[in-house]
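These notes are about the structure you will find just below.
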Amino acid sequence: MTEKNIDLSVDIAGLKLENPVIGASGTFGFGREFADYMDLNRIGGISVKGLTLEKRQGNKPPRIAETPAGILNSVGLQNPGVKAFIENEIPFLRKFSTKIIANIAGNTIEDYCSMAEQLSDADIDAIELNVSCPNVKKGCVAFGNSTAGISEITGKVKKYCKKPLIVKLTPNVTDVKEIAVAAEDAGADAISLINTILGMAIDIHRKRPILANNVGGLSGPAVKPIAVRMVYEVASVVKIPVIGMGGISSGEDAVEFMLAGASAVMVGTANFINPTACVDVVEGIKNYLKMYNHSSVYEIIGKLQLN
Amino acid sequence: MSRVLNERIESIEKIAKSIYRMTVKSEYISANARPGQFANVKCSEGINALLRRPISICDVDKDRGTFDIVFQIKGIGTEYLSQKRVGSEVDLIGPLGSPFHISEEYKRIAVVGGGIGIFPLLYLLKEMKEADKSAFLGFRSSDYVVMTEEFESASDRLSISTDDGSMGYKGIITDLLAEDIADRGFDIIYTCGPMPMIRKVKDMAQKAGIKCQVSLEQRMGCGIGACLVCACKTGKPDNWEYSHVCKDGPVFWSDEVVLDD
Amino acid sequence: MTEKNIDLSVDIAGLKLENPVIGASGTFGFGREFADYMDLNRIGGISVKGLTLEKRQGNKPPRIAETPAGILNSVGLQNPGVKAFIENEIPFLRKFSTKIIANIAGNTIEDYCSMAEQLSDADIDAIELNVSCPNVKKGCVAFGNSTAGISEITGKVKKYCKKPLIVKLTPNVTDVKEIAVAAEDAGADAISLINTILGMAIDIHRKRPILANNVGGLSGPAVKPIAVRMVYEVASVVKIPVIGMGGISSGEDAVEFMLAGASAVMVGTANFINPTACVDVVEGIKNYLKMYNHSSVYEIIGKLQLN
Amino acid sequence: MSRVLNERIESIEKIAKSIYRMTVKSEYISANARPGQFANVKCSEGINALLRRPISICDVDKDRGTFDIVFQIKGIGTEYLSQKRVGSEVDLIGPLGSPFHISEEYKRIAVVGGGIGIFPLLYLLKEMKEADKSAFLGFRSSDYVVMTEEFESASDRLSISTDDGSMGYKGIITDLLAEDIADRGFDIIYTCGPMPMIRKVKDMAQKAGIKCQVSLEQRMGCGIGACLVCACKTGKPDNWEYSHVCKDGPVFWSDEVVLDD
């Protein structure tokens, strides 16, 4: 089979990606930082650093700790605010064919609605509702860890949102399926998961947590089996597309998520270790499809057979 | 511009208690690195020591196309790095970060380094060929004193202190700087090392009205400005914001940064 | 400080351990398997393989998959049943000074009560209520992931239990604190956590999960930051002792858990990679105490300072 | 009794496509290992390839105090193992598992191996000095055919098959066994390899009324009988229970095990 026969494009509720690989929010900056290392046209999309209504400074450093096969982060949504993003970052990103996903987080539902409204008029391609960031004192994950919370925020934001609305779920829940269903029922166009898992690492010599914020969110290879399980669970109960992430650093990893039901994947922590991780994942998926004579990614999405 | 590189290790040598010097063949780094910049090094393969570790470029030999790093074993990353062998490859990204400001206007300069903070200063001294150079290096004890000959020949005068007096002046290196600062009237002071030392040098420079550059450390994720973990305060104490050591730094003008706690 | 001045002993609700290191249930067999590699007198206790009322065969193989810095297992409580344990295993274990903790799991509350009753008359030192095993179809974790469930089972078992009752919690919940408090209120003498985290790994070439059981429980270094966080959370809300576990493979790891509030630790997956892991952890804790001139483990338990 | 050992690698050599042979110095293993037993090998350091990998003991040189393993690269563990260097140490536990049953009563024996299953059979052949030995080895293709000279000299006759006919008989090795089984009337057949082959050999032996031992594989955790993950069915099809490959096996009498799907 020749290469041109392989169709990598996916359609996530109207968000049309040239390939199913997206830089995950908070790990891919605003894209610029990676332009030295790769051609940004080669990845399906970029979910930008989580935006808030107003500029935020984020948490005190240290904001990162290494753990076995993972990292804890407590950046705490440092970002220039949604207006500055629209003015200063969209024009740069628009020079590329990669799709722009605006990841938003807020203290109140009104914050989210206001951002969704402003971004609906901006030149972006989708909005990702971050109701799962464990690193801020107020809001955010508080909306994401109950069916009532997720239902209310999704429903309200949906009213202001004229772009495909992706709701990003937290893994820090007893039953991620019911949260996903609540988001779907309330109008989510797609689900993305997982955000980071709450964790702590201790400096035993100082007898203090390593992170200034004491706790942080775990990501990286360590979380992959948890993420794959959750993506599988969610994909088997919702009808809307699912975007999978959590520890992906190769095409093989991405294929696991796609077999489990993800229509697209996001690559996070791997970008830190290897700035070309996203394009490497694209190539890896392509090679896998070639090896098994598939002509489209849809031939693997959700094709896991249980034992 | 920085690149992801796989470069050959030309030599690796233990030069003091837990301190190693590694020479790496790299046309790209040796041609492009400026003093104060660093490389972000994958210290082991696979998921061992997952993140890269930032290590300063300590020396460059443009003719041979090599550069040197010197590092102290602190944890698993540097431990793995110390076990690498000559002839194998090391995976690194560089050169990264903002370099020290070098100018012909700086006729009399001082570098003040403490512990592992001394390493970027060697390359700086070597690159400032015309200036009159005073080097102040502080160490915990004589066990950790390294590279004095090279600092000696790269500078016009070298002062050394150890906390326990096992070599050179007994006490902190800023005491020696204090003595010289009035006498010589440096045009600029460059400093890198532990935070208390940096804070002191910044204060002394400010009081004496001398320009000062500081090189900061912070735990890093990406090293390229994308993850925002390596925050440091820039601006004024009452009106600061978080900048990022890997991209806006590691070198800052001392009056640009807020060095609290 | 000379070695004999360091007191490693801990008292977990009447369970007196010579040192705070216990072989974790399901990873230490019935102790025999490790006797070739270490002196069993040198570890504080052994939590034996999860027991059920009747003998069980467990799940189909493969029952293990390696993941980044972790493993997924789906043993499914293969064990000889509580009676055979009492007859065949206790006599061997009693030859050593190490304490015997009987880990029990059941389909129904009555199963648990009956086992607690039988074991109360047997020569063991404590009972660990496994309400958190993710690898069996019925019972077990179903009791452990709600406050109502944990409260009911703990209360009922407590009536039949004449030994210190340790309730082992699952990490697969939104808020582990409320589960721990419910167990405490219902009469638990101590809490142990974490059991494994539900996960999945996929063989992309066969397009099937690696485990015959499809999903399994994640353990090993990968989960350590999650476990430390949960132990910290639980220790800060309950008054009863907490036994911490999840990814411990060195003395330093154990010290993290103890600073976070664990009075003792259990070592699981590490035993597979290094059969002397438990004694290595004991030595590591001792060295740490020596280095900082502590004379008792109690000088570090719960001594974490937040930033 | 088995031990945790750190032993020196005496040689490592690629002997066929993706297949490596490693000689390890170990007085303990060479003195104690029996044919059919395995070592559980930490293939990389730290958390890379976290679990040990079971690899059969393929050969023992008691005089030199060494043993050999031969392995094929399948995934990350064997990949890391193949990168080890002569002179470095390998961390392993062994010898583990139950060995093949050897007896002077077995005058005429057959060994039937497929793929990586052939390796433990070499050591078995070498240890059965007195018997008349027929060896049957099946491979995917000539790319994977290894150690034929050694099998040749360790046995009285050697038959080889490949799936694609690129060497020896074209087809499955049990076809060749079938031809000989009637003629020679073996006292025992030992087999190790892919499950379909083992199942076939077991059936053939049963029909011919010949004793048969099989060596099984299963994913392992501890390798020492503690974690219970390496389950295999023993007993009768309608009355079985789960035993464990690492401790009760890997070698079983063929009529002891239930080899379904």
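We call the chains A, B, C and D, going by the order they appear; numbering starts again at 1 in every chain.
The definition used in the following text is that a contact is a pair of C-beta atoms (placed from the backbone, for glycine too) under 8 Å apart; a residue touches a chain by one contact, two chains touch by 3 or more.
To keep track of the chains, here are their UniProt names: A, C = Dihydroorotate dehydrogenase; B, D = Dihydroorotate dehydrogenase B (NAD(+)), electron transfer subunit.
The structure presented is a predicted model; accordingly, all values stated were derived computationally and were not measured.
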TODO: Provide the C-alpha centroid distance between chain C (Dihydroorotate dehydrogenase) and chain D, rounded to the nearest whole angstrom.
DONE: 36
Task: Centre-of-Cα separation between chain D and chain B, whole angstrom - done: 55
Task: Centre distance in Å when chain A (Dihydroorotate dehydrogenase) and chain D are each reduced to the mean of their C-alpha atoms - done: 46
Open item on the list: Averaging over Cα atoms per chain, report the distance between chain A (Dihydroorotate dehydrogenase) and chain C (Dihydroorotate dehydrogenase) in Å.
Closed with: 34
TODO: Enumerate the residues of chain C (Dihydroorotate dehydrogenase) that touch no fewer than two other chains.
DONE: 60, 65, 68-70, 220-221
Open item on the list: For chain D, give me the residues that contact two or more of the other chains.
Closed with: 47, 49
TODO: Make each chain a node and each touching pair an edge, then name the shape: line, ring, star, complete, other.
DONE: ring
Task: Set of all touching chain pairs, with the criterion as stated earlier - done: A-B, A-C, B-D, C-D
Task: Touching residues (chain side chain C (Dihydroorotate dehydrogenase), partner chain A (Dihydroorotate dehydrogenase)) in the complex - done: 60, 65, 67-70, 72, 145-146, 172-174, 197-202, 204, 207-209, 211-215, 218, 220-226, 228-229, 232, 247, 252, 255-256, 259-260, 288, 300, 303-307
TODO: State the interface residues of chain D toward chain B in the complex, per the touch definition above.
DONE: 44-49, 76, 80
Open item on the list: Going by the contact rule set out above, which residues of chain D touch chain C (Dihydroorotate dehydrogenase) in the complex?
Closed with: 1-4, 42, 47, 49-52, 93, 218-232, 241-242, 247
Open item on the list: Show me the residue ranges of chain A (Dihydroorotate dehydrogenase) that touch chain B in the complex, using the header's touch definition.
Closed with: 26-29, 33-34, 36-37, 49, 57-58, 60-66, 68-71, 73, 75, 78, 220-221, 271-276
